[in-house]
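Everything on this sheet refers to the single structure shown next.
We call the chains A, B and C, going by the order they appear; numbering starts again at 1 in every chain.
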Amino acid sequence: MSAPGRLPRWADYGLLPLLNLCAALLISGLVIRLIGESPWAALKLMAAGAFGAQDSVGYTLFYATDFVFTGLAVAVAVHAGVFNIGGEGQAYIGGLGVGLVGLAFGSWSPWIVVPLGIAAACAFGAAWAFVPAWLQARRGSHIVITTIMFNFIASALMTYLLVNVLIKPGQQSPESREFGPGAVMPSVHQALGMIGIPFAPSPFNLASLLALAACLLVWVFIWRTRWGYALRVFGQNPQAALYAGISPQRTILVSMLISGGLAGCLGVNELMGSEHRILLDFPGGAGFVGIAVALMGRNHPAGILAASLLFGALYQGGSQLAFDMPHVNRDMVVLIQGLVILFCGALENIFRVPLAALLCRAGGSGRT
Amino acid sequence: MEPESPAPEAPGGSPGPALELRAIDKRFGAVHANRAVSLSVARGSIHGLIGENGAGKSTLMNIVYGFHTADSGEIRVNGRRVVIGRPRDSIEAGIGMVHQHFMLVERFTVLENVVLGAEGGRLLGKGLGEARAGLERLGRDYGLDVPLDAETGHLPVGMQQRVEILKALHHRADILILDEPTSVLTPPEADQLFRMLALLRDQGKTVILVTHKLREIMAITDRVTVMRQGAVVHETATRDTTPRALAEQIVGRAVLLRVEKKPARPGPALLEVRNLEVRDRFGVPRVKGATFSLRAGEIVGIAGVSGNGQSELLEALSGIRRPSGGAILLGGRDIAGENVGPRDRRGLGIAHVPEDRLRMGVVGSFSAEDNSILGYEGRPEFSGGGILRRGAIRSGCERKMAAYDIRPPAPRLRITAFSGGNQQKVVMAREIDSKPSVLIVGQPTRGVDIGAIEFIHRRIVELRDAGKAVLVVSVELDEIMGLSDRILVMAGGEFVGEVSGEEANERTLGLMMAGVRGDPRK
Amino acid sequence: MKPTRAPLALALAATITGAASAADFSPAILYDFGGKFDRSFNQSASDGVQRFTKATGIAVREFEIQNASQREQVLRQFSRRGASVIVAVGFTQASAVETVAKEFPDVKFAVIDAVVELPNVESINFREQESSYLCGMAAAMASKTGKVGFVGGMDIPLIRKFALGYRAGVAYVDPKAEVIENMTGTTPAAWTNPSLGAELAKSQFGRGADVVFHAAGATGIGVMQAAADDGLLSIGCDSNQDYLHPGSVLTSAVKRVDVAVETVFTDAKAGTWKSGSRVLGLAENGVDYSLDEFNRKLMTPEMERRLNQAKADIIAGRIVVPEYKSP
């Protein structure tokens, strides 16, 4: 007997997120209307800001790359039934790994340093996820709490390191010196330039390929390996996992290590790909956006890719909106982003039941 | 009363119908759960509603109670048409429901639970005072003695059920619907319940008993309605029918009610359990000093009221729970330690069909094929180098589906879209296909329809005949008696008796199961 | 800054006018985290913008940063849309200014609180330690308990600069006085958390402090509110914040970001703008302590005399205020 509110796949993965998005945009439009701007113009500005020019597309994809990493990080943990809120901190510490490699080996060949940096990002991010995971697996400490705490610890640690240890001597800003030339992930405009295709400069870099590879690997891991299978069994039904002989502790640890490693890769995109130095707060909330991205993407890499693009466009388009509409300030943009997260994440089910009823009625009358 | 009319339009006998359903129709997406169901329940009678799982009984009752709304059709109570959109409407119409899973707040006292939803005024104290007087009167009238101030969660299940009935009566129900009420009761408790229901009927209340147990229908109901595939297929006065006739109506064809098997030829002991002690997570011993052996070529049944240590015994044998004492010898090797977990035990030839399929045996959100490798995903036929062999898994599942007549034969379909019987067949197929030497089965046919029960029983007997050892735990006495070559009775965590399959009868087993319950442990 | 219902037209107009002729003057400003209404550092810059607009009638394009990657992007966009001069407020903008200034050598840039050595960049820094020193003196003189507080935003070099000057000023007046020091946090949220500021201030009061100096951006609003609530004294920062709680704000360590911003725009418009590094201290009127009708009653003539004396000594080099150097 089907539960009320079960939808066909196309509606669950396509129509429902679209409806949620429209609802979010509708309310945002109302707010924009309220402050005396035209919602339609705002929407056009946002769309043009996100996709209207080469560098806009570059920025959109750059942000999207961040969100792919953090979204995948959340999704892998969710498949194991673990809610990892610590993507932000893991990304921050992952970036520390990238940065240390960049500072120490920046003069070496990029063919060595870039893979080393990626490895360090994964290792540092995973290490930062390990402690909360271990506490959950062995001590039963609630992982939501511990990962949040670890976000704060990460930011305290990074502030300390940047202010006291890694800061470029004689400088005000708490930033490290620039990495050497070896620790630079080529940007897409450079890469395209080399093969003769001109592209406007943007931070969009080859870490995006890493993100695509990560999508594929996560898909293979979750749906095509026995470990991913075990992870899903545990996440969906811990009792069945016990019955099958799947160790809860190991599953939690493995899922969190992978999750942390993925979040850590954000450091590759931000630091090796764009900033080329370690600076304060470079994850900029992408770890949290990852939660919304995973929710909206139904924890599937393809969905996460799509949701990341949407959020990348929201970020880039939103900044363009703030740039071009004097009355839409930064907080308005945050509000719009927040509404999208609210509707696509927290309230994603508000249209589910009515939609299911509607489809059911349409389907039922079609048959009789 | 006209014996064969499915929906009498006019009151045929002296009392008019208390509840009348006319052409109730309900769809859930593609599932046509109720097809123009008409039903008439005479006032002051006990009316049985029987059918396989998924026949639409629960949907129908949930429509009457207001959990679902019918797509079309009408409901009449005492000849008056009522519109029921939510449970409150049905309560106001005088309908009360006792669910299979009690809807009680365990931390509340009986009194608080009973007044829940009918508090009467803003101040709880006044409502409680009135309720107490009313309940004491109800208790006297219907023989429903319940300690009003006890914490509900601490009462035995039989008592909790009375609380539910009391609650319905307190809400002024004239029509009482009971959904599978005996599934949690010992035979003596069930008898007590039936006496209570008879008393209610004699006082003029109307009772609808939803069940899949033929025995209960025959024992207590006045009339019985059979549902199959969402429609009413048969209705008759109970005294005019037989269990076999009803079973044929339920399944739609002739069925065997008894398990056909040759006498067992037991071989050497494959599994020996000595002095096993298992504690739950609170450290309370649930299995105390269990000692028995399981021989090749025999089926050993463990009878007992649910919650008397059977679950813990199963978990200890399958490696899910580590016993706190004793030994489990498999071919002379003690495997009671923690380092021989469920996966290792499967490797050693112990397969396990868990008693709670949806909680443990399958992953509800997975497809049938993904469920068909649960616990075996690391075996070389299903994965190599860590990568799952999708093709092999699919074809393996298709083969099992064919061999076990699993319908629909769709490996990619979500497991919860299958009926209970077909889900159980997926689990049985998985475990038997792993070629075990010892099969441990908990509640082999819980929530399984009659047709599949027959099939599953046959498979278990086949396994025995192939020289394997089978341990069956079931709360269905008929099943235990029908299947087992040897029966052990469990009560209070201990084995309180052993009888051979041929000698066993309901009375001796029931006494053994219940006798120890006098033990004031709870 | 007038409300408009035709933003597209405006944007278009800005682009067209920017491209139309070089004589058209188009200034822009990029604020830091905290936003232009933080009643402190960014707001001070915003005041300068408004004064410039009022004086000349020329609108200034503004943008408040939301994440780190936007810096370069916005600077680039300003440049491309024909901005003549761009002010980047805050030390975090340094690297972005450096990158974009190289790409647009014809655009004039000014960065505040950081140094970028390029021919088209003006770097404006302040000797915050000097005003902090005076505020420390004022705090020590006004304190009855011999304990004074300091609430910083984040533990970063800039804030350590404030703290060091403040401590030196306190010690100059009363070597035995105790300075209780707290930082608000380790994320950018530390600049925008008034409730935490209030809590820190209250805990410092609980430990005996009766004057508290904040260098915490919008977080400082809470610090000052707490002081006003408890009938104690606070010292404002960056902008002149004496007016916020008259009778409770002892003085403010004023940092004339507004003047700096306005000067950049005015000079650029007049064609007298020069690149290079400028450091503004007491001598240049870049920093100061505030004295106006809101805090006049809190300052005794004796305090005012000693503060002005110290100010003169610092300008003359007779007092050397210690300056924080990053490791």
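Rule of thumb we're sticking to: a contact is a pair of C-beta atoms (placed from the backbone, for glycine too) under 8 Å apart; a residue touches a chain by one contact, two chains touch by 3 or more.
From a predicted model like this one, the values you see are computed outputs, not experimental measurements.
The chain with its Cα centroid farthest from the Cα centroid of chain B is C. Remark: the per-chain Cα centre closest to the mean position of all protein Cα atoms belongs to A. Taking A-C and A-B together, the chain pair joined by more C-beta contacts is A-C. Annotation: 73 Å between the Cα-based centres of chain B and chain C. For the pair chain A and chain C, the distance between mean C-alpha positions equals 34 Å.
Chain A and chain B, compared by their mean Cα positions, are separated by 45 Å.
Chain contacts: chain A has no residue touching two or more partner chains. Looking at the complex, you find that chain B touches chain A at residues 27-31, 33, 54, 59, 71, 318-320, 341-346, 352, 354, 359-366, 370, 373-375, 377-378, 382-383, 386-388, 390, 417. Contacts from chain A toward chain C in the complex involve residues 36-38, 41, 44-45, 55, 59, 62-63, 152, 155-156, 158-160, 163-165, 167, 169-175, 201-203, 270, 274-275, 277, 279-282, 284-285, 315, 318-319, 322-327, 329-331, 333-334. Those residues of chain A lying in contact with chain B across their complex are 1-2, 4, 6, 220, 224-227, 229-230, 232-233, 236-237, 239-240, 242-247, 360, 363-364.
Those residues of chain C lying in contact with chain A across their complex are 1, 3-5, 7-8, 10-11, 35, 62-70, 72-74, 76-77, 91-92, 94-95, 103, 113-115, 125, 154-158, 186-188, 325-327.
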